[in-house]
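Chain naming follows the written order as A, B, C, D and E, and within any one chain the residues start at number 1.
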Amino acid sequence: MVAPIYIIAAALGTAFTLGLLHKTGKTLPYVLMTLALGLMTFISLEWLLAFLIDGQKEEIIYTAGFKPPFSISLLMGKMEAVFISIVNTMAFLGSIYMARDLKNKGVNSMLIYLLLIMGLNVVIMTRDIFNLFVFLEVSSIATAGLLLIGGRKNAVSAGLKYLIATGTIAGFLLIGIIFFYYYAGSLSLDDIIASKESWISVGNIALLLVLLSVILELKPFPANGWALDVYQGANPGIGAIISASSATAMVYVLYKMMPLASEAWNYVIIGIGLLSFVASNIAGIKQTNAQRLLGYSSVGQIGLAVAIVGMHQWLGSGLMTILLAMLASHFLAKAGLFWLAGIVNKETTKEWGILRNKPVLLFLMGTFIFALLGFPPFPSFFGKWELIMSLSDLGQYGIVSLILIGSLFEAVYMLRWLGYAIKEDKEEAVNFSIHWEKFLPVGIVATALYAAGYFFGWKSGYSDWYKYMPLAFAAALFLLDFLPVYVKNSITLLGMGWYFFEMYTQYTGLKFVFFIIFIGGGLLIFLAGYYKKGKRVGFYPLAILMYAGLALMLEASNMLEFFFAWEIMTAGSYFLIIRGKKSMTHALNYALFSIGGAFLILAGFGITQAGKDGLSLELLYQVGSMSPYVFILLAIGFMTKTASMGLHIWLPGAHAEAETDVSPMVSAVLLKAGVYGLIITMISLGNQFIGGINIQVVLAWIGVLTALMGNMMAAFQEDAKRLLAYSSIGQLGYVLFGLALMSHLGWLTAISVAINHFLFKAMLFLAIGGVVLRTKTKYMYQMGGLIKKMPITFIVVLIGIITLSGVPPLSGFAGKWLFYNAILEKGWYLQGAVLFFAGVIAFLYCFRLIHTIFLGQLKDEHRKVKEAPFWLLLPQILVIVGIMVLSAFPNSILKPLGEVLYSYFPEGALSWNDQLANSIYGYWDGKMVLYVVVAIFASVFLWALIVTRKSQKVKQFNIVYAAERPFRPETTHFAYNFFAPFKKALGFLVYPGITNFWNRVGQSTMAGADALRKIYNGNGQAYVLHIVLFFIVVYFITAGGF
Amino acid sequence: MKFLSPEYISMAAGFLVILIGIWGILANKNLIRMIIGFSLFDTGIHIVMVAISYLKDRTAPIIDETINTQEIAKQITDPVPQALVLTAIVIGLGVTALMLVYAMKLHKEKKSLDITKFNDLKW
Amino acid sequence: MEFKPIQILYALLSLFIVFNYGMLLQGFVRKIGARVGRRYGIRFYQPYIDLIKNYTKRSTITHGIMYYLGPVFRLTGGIGLIMFTPLIFGSDIFGNFSFSGDVILILYFMFFGTLGMALGAAEGGHPYSAIGVTRGLAQTTAFELPLALAILSIAIQYQTLSVSEIVAAQQGGIMNWTLFTNPVATAAAMLAFLGSMMRSPFDVVLAPQEVPIGPPTEYHSSLLGILQTNRAIFPAAKLVLFMNLFFGGATSWWELVIKTFFIYMWSVFVGVVYPRYRVDQSIRWFLRIPLILGILAILLM
Amino acid sequence: MTTVILTIILGVMVLAMAIIAIVHKKTITAILAAGAVSLFASILYLVLAAPDVAMTEAAIGSGLSTVIFFYVLNKIRQDA
Amino acid sequence: MLRKGIITVILIGFAVMLLQLFLSFNGNEDLNTTALHYAENGIEEVGAANLVTSVVVTYRGLDTLGEVTILFLTAAIIGLFLKLTREEKSEKREVRPTSEILQTAMKVLVPVIFLFGIYVFINGHLTPGGGFQGGAIIASGILLMFLADPNRKISHGLIAVIESISGISFVIIGILGIVLAGGFLDNHILPLGKFGTLLSAGAVPLIYIFVGLKVGSELSNIIYYLNQTQKEKK
């Protein structure tokens, strides 16, 4: 094995040689430098492998042939190997990426680059604190120099600020170091640590200086303005190295120093780290410059890393895995994003819209951003999971919440940025060329992210290959993305179909129901996919990603798997939603609510497993005294997905703007994931009381109000898809209420409503989607009279709304009937009454939907509209068949469901007599009702046929507005402001209080972010002031340095 | 009066120079003046370091005729901080030079040395 | 109760009775109304004449299939309501198909006809009909709420949702009627009933003579005939329902006729006394007094 | 005792020069004062038995670095 | 004024901190372990009379390497700067000719200064001084040359070659230390020789020569670059 000292020798030797090569052209020096970096990378990776595979022992490298403390020694241990491997590999990739820039700027830039990396290597390996100082200076100066290489505007001023700041920090570090030497009589870190007890009582200031200097090199809030300016001003390639290599190396330095810190210091370090994490992410919210945004994110992530290092005593042996998992995501993704920034070469995040024509780059960007946000299957997902779980074990819920809040803020700006890239309309999608040497490193880090994800998954016990199968399927579809739609759709159907038939025997009970909804429903909706022509770039992998999440969620046996699946599903659905028109903000809202919800779930899981073995979902049964809180966390978490009132504002836009066949996916299928989650929560936690109030009562009221408000809003919509979206909110309110009843009938109601909702909402969204597709408008007042053009769609919608409104004889009534029985049994009459009212309002919007679209007068521009495409109609017709079967044979589903529920709620079950259901209050015979109604209908219809046999068909007459062109033409349409009297009477109920509330939350966050980032006033002197102040504040906080 | 000893006096002086240097960095808006402050800050640190190496009534750590080779340890001051200061001084020079060159470049851009003018990167 | 083919005949029989009762009721009420206003009024069999006239008109026009289906739905709704409501307490013959569903079914089935009517009228394409429909639907939602509360209240009271059982519980004397055992619920329901009968002051929807905006104005000839048929059946069915729920039901046809007649007179009486409301006014009204009564009815349970 | 007095004198000189370097209005004077700080410091190092450091400080701190300051100042004067 | 007030407050806070640090300083009675080791074993192990040199060149050789690297970096960065500015096209500036005396003095003094510098770093292991000081002295010679005649052309290439060659040699000696002796930068690759003579202390003089050359050339380089900047057009 090559001795690690050769890393230094190679770098220095090459750097000095490069100094000779000023006149030999650009290529030779570049090749030399790359070779040197390659050699360094090789050596470090060789050691890493030796440590990982051969169980290599750590090795001390003595210089000058003397033992420490008399000479400088380096240490090559496992951790050192890991960190220098990271630094060198990233640097190597970076050198490839920056080939052009480096060659342009000549030999000097190459040797500076090389020396920076060398400096970082020594910083990681050295065990001598003065040596640490020297090589820190090497890397600082090199960094400042590198800012000159093809930097952005104002790179020089950034460089000066950087120099001043790091110079100041280094000065303080030096004071600390010399006093360490004075106290310990040695400069060897090991000696200083060993003799800590003898000097700590007097040496606390020196310790403070050293620790804080190292921390300050890690850019803690608020003393990090200089770092942000550097990130903004640097060449993206350099930014990548600073963020990936330098920061990573410094984290390790801090880790090395931690044995010096007393326990009290740990808290300070955790506090500093978390403050940086949260504050940077808040301040980042307002940021529009892409590179500065990355800077904020870097600072935040590193802050989290600092906090994690500060937890070393808590986390014990798990520390490194967590730290590395977080860092792996950070340095790979951050480098990737910086590099992408170089490729895109646009300053503001909005301008990234030019990426739209580059699906591969978009994919990479998505990968990086989701990796940063801690989504599976990336390392930080597992890191965050382990971290939260460990902290929960310790009862550090405050820290957990801070971490989650910070992460949420990070998601805000990261996803907004991604949204701009995918959707920002203003940017012309220009073609720009990508040099392979710039693309290659980006591709490699993305690949590495996935590999690292698998590795850390394996470490966390998430390694079974079959749990990655659905993801692999999505990946395969991504590779096949060049194929035309019908091929990909067939592949998708085959794949999912195979999965369906393979797995459906595996599930029983409620899981089976949801399996049918998720996978069966998915298959059904995918049938519609054939209607599209062309390639439909990116759709299939993303859709499969969502279904993969749903499938894995059912498979999940422990909380990690569940959460993994949950996040996969969120990611997939986010991308599906953002594909829609004008969906940028809605997708962002969706993602933020989902992530927020997911964090609550994560926190709930954390509390659940605290102090227990394993992660099984069964642990939810034995939470103990914390269970009310777990219940609340999980319930709210899942309610973000079911869009319950207060958490619903993402839904209407997201569903309404989605593509024709995506709307049913996200509405009919996806929402049920939340229901599934709620069911799990309620089954395992049951009734929970907080302050003597049954939380279920609160949930029931939320469900009731959700239903009322959702339906009410739906009734006043002008946009057909939005109407359906609000209707989904309302329907899910019923479900929530049903579940909150916590009785046999209640659950039966909830699940049958869920099933019915799945059926009719899939159908309606497809049907309305077809209409929108044909008429090119979503506004109902721009439609009318389409019954003649789209008769099949009309019938579908008719059946859909009858089912939806629960009018007998169709299956929707089952839900209503069960529901009243359940209410009577439970005694929640008032809630029941409100729900009834909500149901009546549902009738209103149903009518409006069918009336204004299909009836009335045909618009001139729709004279040539055709029936919806066959492939859109096919699934609708299949659903109709399903609805008819369920209507005629309600017991085919309710009876087995009842049996399943019997195990949870033995009391109050229905008794069945063929199709006649008997509750203790009433009875209902679905088959009979259907027969009777059909018979009457048929007879009356026959009668009508007879009496009107001679009828003659006339055309509708036109309406003329007295030759005046109205200012807003839509206001004269009969379907505009349809339920005006109703709105007049009850409009106050739909006052958008919740939307306003969330808007205000958003605005005040923005304002706060803006105020916060004002401390970074761009003045280098102020930054020094921050640094000095940082020392003093910590000095006073620690009451004189502990 | 233990403080009336060269090491204490010079260390105190060193610390005061450090403070003056920091004042110079923080209080002057002129870049050159800031850098002067910076170099004072460095010098102060160096004085402190040398003060730590000092032992009363001993000679420099250079073994010549005046030193009894048998009892070197009792006759010389600590060579280590001195070696460190050597390194630190040279590093300080490098950093100062760089800062000056950057300041020069910035002045070329904006014809000003006022650090508050270079705040295009902010927030 | 099992379904037996003979029940179809029984059902047809009760349908025939209810239809004629409805027709006559219409005629008599109009006659009475005229006499009170010191006019001679129509002949009591005038509704029959109108009906026949409409059915036999030669010209029939249609705007399309849904226009056509509207009255069909409407009539199906009316007949269905009869079919699911037990007419005579304790009678197998006039129990109809009430064994296939309880009061919830009836409550929701009422919407069936409304929906069809609205759709049919809408296809006429006349904006006025759309306006009429929206008015009707908006008002319907409003009065359904107190009605539902009242029904819920008596369901709680009798601990059953079955209409027959509710009637059974009211047997044995006038004091056992819901009217006396649960007066608040009855009050709420009877106020809601005013709305459901769509008579003045809540008749703007139905487009009486001077209001040209409403579904019925879209129809004529035989399709109007179907609607008129329904107008005989549907109110009668509702009367029977209210009688069953609040006034002890009926053990014989005579009892049924008397009770329903007085219930009907209640809405006639109010209609004569009060002027017409706008729709938003009526919504507010329903959501005020009747709703409060309805909530009270539940809270008192 | 001479060492102590010498140290005190040098320390005071260093401080005085440092203050001049900071507060004096003319930049040139300030630069010269900063050089003088180094110069006095290097004498102080000699007193503190650190001749190596003293040499370095004299050559680099008060010599080269002052020159660099002047170079830059000169350049800036030119540009202004 | 407010700003000054804030700064004063901050400085007072900082002064309190430093005071605490100062009070933790208790003087030295004796050499600490590390220094003691050097004092007792320095002669045997390294063989240099100047213990500071022993420490700088051998015991803490890696620091010196890093430090040399820093100067190298600085020179390179300033060079990079110059390259950037030179892209804006420079023109020869009229410089006031310097006095005859200075020119003559330069001709006499510069070789002496160079010699003195070389003496200082060759004797670095015996007397005070060494590579840094010697290098600085050499650089001041170069400086003098420029002061005498700002337009004077010196072979920048030569400086660069000396800089690089000495740097590479430093590294090679370091590697030889691994190959031939106990570790990177071990001075035992050459015999220790007789204590107190010029050719003693193993590789220390050799290393110090390279350090001196390197520091000298690097500082010269910096001066060269700075001198170049003076010639730029406004």
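Throughout what follows, a contact is a pair of C-beta atoms (placed from the backbone, for glycine too) under 8 Å apart; a residue touches a chain by one contact, two chains touch by 3 or more.
Since we're looking at a predicted model, the values are computed, not measured.
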State which chains count as neighbours of chain A and simultaneously of chain E. B
Excluding chain A, joined-chain groups are B, D, E | C
Which of the two pairs, B-E or A-C, is linked by more C-beta contacts? A-C
Most central chain, judged by mean Cα position vs. mean of all protein Cα atoms, is A
Tell me, please, which chain's centre (mean of its C-alpha atoms) is farthest from the centre of chain B? C
Taking mean CA positions as centres, which chain lies farthest from chain A? D
Could you put a whole-Å number on the gap between the CA centroids of chain B and chain E? 16
Cα centroid separation, chain C vs chain D, in Å, comes to 106
How many angstrom lie between the CA centroids of chain A and chain C, rounded to a whole number? 54
Rounded to the nearest Å, the gap separating the Cα centres of chain D and chain E is 18
Residues of chain B whose C-beta touches two or more other chains: 5, 7, 12, 18, 22-23, 26-27, 52, 54-55, 60-62, 76, 80, 82, 84, 86-87, 89-91, 93-95, 97-98, 101, 103-105, 108
Quick one: which residues in chain D touch 2 or more of the other chains? 50-52, 56, 60, 64, 68, 71-72, 75, 79
Go ahead and list every pair of chains that touch. A-B, A-C, A-E, B-D, B-E, D-E
Where on chain D is chain E touching in the complex? 50-52, 54-56, 59-60, 63-64, 67-68, 71-72, 74-75, 78-79
Residue positions on chain A within touch of chain E in the complex are 3, 5-6, 8-9, 12-13, 15-20, 22-23, 61-66, 69-72, 105-106, 108-109, 111-112, 115, 118-119, 122, 126, 128, 130-131, 134-135, 137-138, 141-142, 144-145, 148-149, 175, 179, 181-187, 202-206, 208-209, 1025, 1028-1029, 1031-1032, 1035-1036, 1040-1041
Residues of chain A that touch chain B when the two form their complex: 130, 134, 137, 141, 144-145, 153-154, 156-161, 163-164, 167-168, 170-171, 174-175, 178-179, 181-182, 187, 225, 228-229, 232-233, 286-287, 292, 1013-1014, 1016-1021, 1024-1025, 1028
The answer for chain D against chain B in the complex is residues 3-4, 6-8, 10-12, 14-15, 18-19, 21-22, 27, 30-31, 34, 37-38, 41, 44-45, 47-53, 56-57, 60-61, 64-65, 68-69, 71-73, 75-76, 79-80
Going by the contact rule at the top, pick out the chain B residues touching chain E in the complex. 2, 5, 7-8, 11-12, 15, 18-19, 22-23, 26-27, 52, 54-56, 60-64, 69, 72-73, 76, 78-80, 82-84, 86-87, 89-91, 93-95, 97-98, 101, 104-105, 108
